[in-house]
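Read from first to last, the chains carry the letters A, B, C and D; within each, the first residue is number 1.
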Amino acid sequence: MSRSITLEQSQAIIEACRSEATTIGQPMNIAVVDDAGHLVAFAAMDDTKLIGEDISQKKALTAVYFQMDTRDLAPLVQPGQPLYGIEATTTGKLVVFGGGVLLRGADGRIAGGVGVSAGSVDEDHQVAEAGRKVFA
Amino acid sequence: MSRSITLEQSQAIIEACRSEATTIGQPMNIAVVDDAGHLVAFAAMDDTKLIGEDISQKKALTAVYFQMDTRDLAPLVQPGQPLYGIEATTTGKLVVFGGGVLLRGADGRIAGGVGVSAGSVDEDHQVAEAGRKVFA
Amino acid sequence: MSRSITLEQSQAIIEACRSEATTIGQPMNIAVVDDAGHLVAFAAMDDTKLIGEDISQKKALTAVYFQMDTRDLAPLVQPGQPLYGIEATTTGKLVVFGGGVLLRGADGRIAGGVGVSAGSVDEDHQVAEAGRKVFA
Amino acid sequence: MSRSITLEQSQAIIEACRSEATTIGQPMNIAVVDDAGHLVAFAAMDDTKLIGEDISQKKALTAVYFQMDTRDLAPLVQPGQPLYGIEATTTGKLVVFGGGVLLRGADGRIAGGVGVSAGSVDEDHQVAEAGRKVFA
């Protein structure tokens, strides 16, 4: 197995997320997965919320599975919209709101995903975005 | 492991909830969890509904995981709102309506949660609140 | 629904178990279920082990489901014995060693079960037995 | 919620495990959980095996739930032994062989657990032990 993202890269992403989370004053759960959705690195900042332990990982996975940021899923899953009800599929593995971002390598290939959880949806996305910046 | 809430405190909470439930004439399921979401005490009052066995425990857990009362989640998970679809995540462990309340110690730190289920959402919250009062 | 065992009876059982557990110096998780396997009362003593939160409840349920004490299941599930492999059935709900005891009413009818977990199998059974004594 | 182990401590444990794993030439999955079994930090070393993603986390949790190293569970769960069949309980959350170690603070209280997976059981335990050394 040759992974699409190394542990070193994943830890650098987590550090960038952690720094951004500290700046905005919201301790976060931060997860990085590879291009198959498998967990490479995870960190729960002190005094974060337990809900984010699970949801951060699933946001990262959802970004990879859909090949898009999770906040772009939100409009598609509303009542009457094309993917309405999809969050109930695949046994609770999907998160259909912001906080998960897709990572692509320099060649444009999908490399993995970052998921962040514990703040508002906008804060979560902002922190995940900070992680993506140090990868791209 | 040093728990954030003792069995004695948890049983006092259950007694207060039971008394309030008797007053309003609705037998309840009552659960108390610690600050990690683990069950410390549980009581199903005679003639309550079976649906509450599971839901009361998950309300208590949800309050702790989100660090808020579960009734404050309800507006956030409606169609078009930020957390729409979250209840389908984490494989059925979350309850996104009233009846779960957060317990904080004298120092403000999270100590656990109380979950109540079998009546209306308002009755459930009222009974859980009665339990919180004897803890704070 | 008219339950086979009341909350008051269940709390008396838990008190008897708690007292016995204190005597032997092993803090326990104690669960009482009714004749359908539904949870009526639960208590986690301070400084007990987390493994018992789940297992105590499943011991009580297993006793009711099989209409026997769980320690009598152990010989039947060994390699080459009649019920070999049964613990993998019913999705992790069964416990096939001691610590769960069956409760019968004065008329001989099954009333419920008591499950105890955190000590050795023999300690768990002894504490559950102390609960059964105050019911019969 | 005041966690029993900080992110900084957990990352130091992962670094120590990673260093030991590099020395023995076996890339590992390494998980650190708090005293309630919740994940604080995780790292999958490059070229490790996917099976360890899940098992390392469950080894850490099992150590905390049982308050013992997981390798000490192995003799207890063999056919004819007291806990035979326990791994089928609690729906696949337990690991009953080596590679999970218990963390205690200077005061002797349980602080969390470390789980390592991808090598032989002895290698996994050795790497987890290296993490424990930098914590105690």
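Definition applied: a contact is a pair of C-beta atoms (placed from the backbone, for glycine too) under 8 Å apart; a residue touches a chain by one contact, two chains touch by 3 or more.
These numbers were taken from a predicted model, which means no experiment stands behind them.
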Cα-centroid distance, chain A relative to chain B, in whole angstrom: 29
Distance between chain centroids, defined by C-alpha means - chain B, chain D (Å): 31
Chain A and chain D, separation of their C-alpha mean positions in angstrom: 25
In chain D, residues with contacts to at least two other chains: 1-2, 36-38, 64, 67
Chain contact graph, described as a line, ring, star, complete graph or other shape: other
Every chain pair meeting the contact rule: A-B, A-D, B-C, B-D, C-D
Residue numbers on chain D that touch chain C, as the complex places them: 36-37, 64-67, 79-80, 82-86, 88-92, 94
Of all residues in chain C, those that touch chain D in their complex: 49-51, 54-55, 58, 74, 77-79, 87-88, 91-92, 94-98, 120-121
Chain D residues touching chain A - in the complex, by the definition given at the top: 1-3, 6-7, 10-11, 38-47, 49-50, 53
Chain D contact footprint on chain B (complex, rising order): 1-2, 4, 34-38, 64, 67, 109-110
